[in-house]
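One chain, chain A, appears in both complexes that follow, with chain B as partner in the first and chain C in the second.
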Partner chain A sequence: MSISVDEIKWLAKLSKLDFDDERAAAFSGDFDEIVEFADRINSQIAGDTTKIREVGGSEIAFADLRKDEVKESLPVEKVTSNVVSEGGYFTVRRVVK
Partner chain B sequence: MKYELVSGLETHVELATATKIFCSCTTAFGGAPNTHCCPVCTGQPGALPVLNKRVVEFAIRAGLALHCKINTVTHLDRKNYCYPDLPKAYQISQFDKPLCEHGYVELESGKKIGITRIHIEEDAGKLVHDRGFTFVDYNRGGVPLIEIVSEPDISSPEEAREYVEKLQLIMRYLAVSDCKMQEGSMRCDVNISLRPEGADYLGARTEIKNMNSMSFIEKAMEYEYSRQAEILSSGGKVEQATMRYDEHTGETYVMRTKEDAQDYRYFPEPDLPTIIIPEEEVQKAQASLPELPLEKLKRYRDMLQLSDHTARQLYKYKAVCDFFESCINSGASARNSANLITGAIYSRFATEEQKEKFSLPFDAAQFAELVKLLDSGKINPTLAQMTLSKMLTNGGKVSDYISTEDVKGVDEGELEKLCREAIAANPQAVADFKAGKEKAISALYGYIKRATQGKADIRAADAIIKRLL
Partner chain C sequence: MTATLKQLSRLLRDKEISSVQLTRKYIEVIENRDPQINSYVTRCFDEALLAAERADKMIARGEAAPLTGIPFALKDNICTDGIETTCCSKILSGFKPYYDATAYKKLKDICAPLLGKTNMDEFAMGSTSETSCFGAPKNPRDLNRVTGGSSGGSAAAVAAGLAPFALGSDTGGSVRQPAAFCGVVGFKPTYGAVSRYGLIAYGSSLDQIGAIALSVEDAAIVFNAVKGEDERDMTSRKCPDIGELTGDIKGMKVGVVSEFFEGLSPEIKGAVERALKGLESCGATICEYSAPSLKSALPVYYIIACAEASSNLGRYDGIRYGFRAQNYSSVDDMIIKTRTQGFGKEVQKRIMLGTYVLSGGYLDAYYKKACLLRESIKEDFNELFERCDILVAPTAPNTAFPLGYTQNNAVEMYLSDMCTVPVNIAGLPAVSLPCGSDKSGLPIGVQIIGSPFNDSTTLNAAHALELCGVSKCKPEKGGVEL
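On to the complex of A and B.
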């Protein structure tokens, strides 16, 4: 299966990335390899994606889910220590006009 | 051409758990920005989500109350989208295996609005747009939600309103959410399409996002119906779009069209295991469901013999029902209890929210004591009203306001004497009554009430007066 330049551009848009034609073409080749690898994995699990979970073997019984008990949150200084912040808020470029 | 409206609702309900869905941070409303946060709910690399058991319990309760089938093997999925309200750039939700499916909500008319599915997911953070920036607060990020998706069975704005009101009341009865639309703990996306009356296909639909008031839902639907009808009548095509409702102009506007539709690229959430729910847990939840609103309304009318109007005034508020039932369980009559609650007590509450909270300066036991005095005829309705009014203002016990003397009322000999006095003092009223004006007798009641400061039993006085006349 090959991934077209248009599909790469669509994925780039969803990922908020800006690709020119040259870059998109290069990615198209890389993606082919990635998808081929994914196909190989799929062929091992006979196309049943639910088996992906079984591969990890992860199931949890209802009784073992987390109890609804509050624990202390982090201090706001720590939460915002690696980001641009103002007044305790994470601050990003305005996302609406 | 006449068009019929076809609508389905997606309703988000915040669950009243103590902690978030995937971490142990508090879900308390408000708080200084980003003070209810940890590595999990801010999406730090390597932090792993751990599912809150109560979220699953609450969702199962909601599902059972809405007559859904519970999927006892279920899992969570990633819904990818890139927006600052989601720190991970994906929301953990459910896609192909929701916890609950195939239920319904029954309207008063008997019509059933199908529930396609109910799934659990995490809420997003709150954005504040100011100057050239967007400020992000993740306190709400990770608060548990259920999304209740209806079938396109709704045919009018009135039905939509009734459906949302019913959902809200059921969730409150179950105590799984406070469903405060004004605080955002219940919000709806409304899907609307039109088709020629009698047609069996679905037209192109628009979706109005994030409605947080019943009346806005109705108004937005009315507006959208007119807008789409106008397009179709003039031979145009309705464009599939996501819209917003502007409450100031009363109009809907396009947020994004089909071309900009989101591609969420759902896939199974690898950080969370498949959940296995034993059948016994579902049965236990079914057995623990409380009496639901429609059953309660029916019981109030049929078993307690309350009028439809009174029963409806009570059943709309869960806290009122609890108070009322505690009162009648103490032996007070349903009728007098209901009348005093919907009369004197409701008159003190200006807003719906106050009735929902139903906070009183006395408990149900004290109120029941007052009602029982009234039931037994030891005090009359006037004295009961006067006492209740004082209790509402100052709190305290019935005995603070009604003495043993009051309870004794006026003995029969004394009452007859007063009736004779009332007749003598009101010759005109007596003459009018004898001439057939039944209402004239109220002048005599007034005389007796004044003379006894409301302590006399007017029903007993009425019998004596009629005998004397």
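On to the complex of A and C.
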């Protein structure tokens, strides 16, 4: 199995990462190795996967969920204290002109 | 000599030592010894001494819990209100959480002083702790070797006598494997037994907070202090207290699954077999089984863990946490540059793999098949536990790697998780404890695996190995001695 440079760049775009041609080419060997490793499951099972259950889905019942009640939130000034913020909002560069 | 947590608790209650004095002793050895080991990435000595003062008052009032006044270390992916928590990643540099993880809060509430945050693989992705942006911690048993990972700093701190106990997290063996490499005890409880609230997510269906300590009894005491249902974690469950461990395992059926023993070095196989003989001498019966589904456990684990990681790590956008890239042309450009500059190589690789296995055209071929195989692994374990009480396996197929060795051997590093990941896939409790050493003197770990919520049975069998002399654990010289 070999993953092309274009595929690496497409995956990078989906992952919000930047891979230029040079980096994608250097990465593809490494990535091939890990995909080949993941591909071992295809020697274990083939065909229909429609019977699959959601992971953990059978173990959590609605009765186990907490009541849908409004509780105290974290203080806004604390939540925004780590990054650039103004007036209780996270600040980024102007998007709309 | 090193006191156990039970002995420390008694010394504190009998006023033979104060929590402030005890905490100062640990601070002193950390300052002297940790520059060589690099187990702590953030030290919070002022806060620890304040907590110790509160602990002494609590003890004087007769309100002490078993861990009141006993200092500890915490893996850097467990949130601490106002104390930097970085997951050892540049992308979270400078990030101070605004709330406490539930497990940490439980220790804070009983005034256990937090000495500091420990080194780890970036976002817990690795088996050597070398992907940390703070540089790798070193194994106190041999400073040229890795600690294992990802909770390498926690295991190293305990092994070096720089903390009497530590919390780590275990997604695919990250508490047990470094405990084995550093020659200490590492306990991964049943999935759901300890709240994950405030544990920075890697693979949410696999992640579990666990204890690293110098004995099985100590690990049980830590577990009792942090376990329990939490309304902020819908997967958490009530879990009975671990009572007094007696080590009485007469009549216990111990399962040995052949798939765990494939390709082992004679030294590791021999050490685990000695542990089995030890259990037999305590009255247990050994039964041999096979579980072919375990052969798929490693790829199943990496597919599920990376798929969940690619989603969980989507939140790091440079807007709400820590690091933000400079010189961007748009918000999208800022997010891409932040993530590219902020995440390390291994993390980016796992995000890419996770995105790949979840993307159109590959979802059925990888992720859905991995989930299906996960169910068959769980079913195989269920069947095994109908026939026996516990399973015994090596913790890792190798002892601690030389530093730098796995950097060009990624698949070898993944293969080193072969004995630990099945436990996470099925959400089982398991404890690793030392059972000998290799010809270089490096520790070998044996793993006792139990059925879900039978954490007590699991720890009791491990304690039997301590009582019959198979497992011994002491910190390196240079640590705190009492």
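Quick note on the criterion: the second predicted complex is superposed on the first by the 75 of 97 C-alpha atoms of A that agree within 3 Å, B and C clash if a C-alpha of one lies under 4 Å from a C-alpha of the other, contacts with A are read in each partner's own complex, and residues count from 1 in each chain.
Everything below uses one rule, namely that a contact is a pair of C-beta atoms (placed from the backbone, for glycine too) under 8 Å apart; a residue touches a chain by one contact, two chains touch by 3 or more.
Just so it is clear, the model here is predicted, and its values are computed rather than measured.
One more residue to check, A:92. First (chain B), second (chain C), both or neither?
both
Could you look at A:68 and tell me whether it touches chain B, chain C, both or neither (first, second, both, neither)?
So A:68 only meets chain B here.
With both complexes superposed on chain A, which partner does A:42 reach: first (chain B), second (chain C), both or neither?
second
Please indicate which partner A:16 is in contact with in the superposed arrangement: first for chain B, second for chain C, both, or neither.
After superposition on chain A, A:16 lies in contact with both partners, chain B and chain C.
Identify the partner contact of A:81: answer first if only chain B is touched, second if only chain C is, both if each is, neither if none is.
Touch partner of A:81: chain C, not chain B.
Looking at the overlay, does A:33 come into contact with chain B only (first), chain C only (second), both, or neither?
second
Name the residues of chain A shared by its contacts with chain B and its contacts with chain C.
Residues 14-16, 49, 52-53, 56, 59-60, 65-66, 74, 79, 90, 92-93, 95, which sit in both footprints.
Quick one: in the complex, what on chain C touches chain A?
94-96, 98-99, 205, 231, 234-235, 295-296, 298-300, 302-304, 310, 314, 317, 319-322, 324, 328, 330-331, 334-337, 339-340, 343, 348-349, 351-353, 355-357, 359, 364-366, 368-375, 410-411, 414
Show me the residue ranges of chain A that touch chain C in the complex, using the header's touch definition.
The contact residues of chain A facing chain C are 3, 8, 11-12, 14-18, 27, 30-31, 33-35, 37-42, 44-45, 49, 51-53, 55-56, 59-60, 64-66, 74-75, 78-79, 81-84, 90, 92-93, 95.
Which bits of chain B are touching chain A when the two form their complex?
17-19, 24-26, 32-39, 42, 50-56, 75, 80, 82-84, 127-129, 131-138, 263, 265, 268, 270, 273-278, 281
Within their complex, state which residues of chain A touch chain B.
10, 14-16, 49, 52-53, 56, 58-63, 65-71, 73-74, 76, 79-80, 86-96
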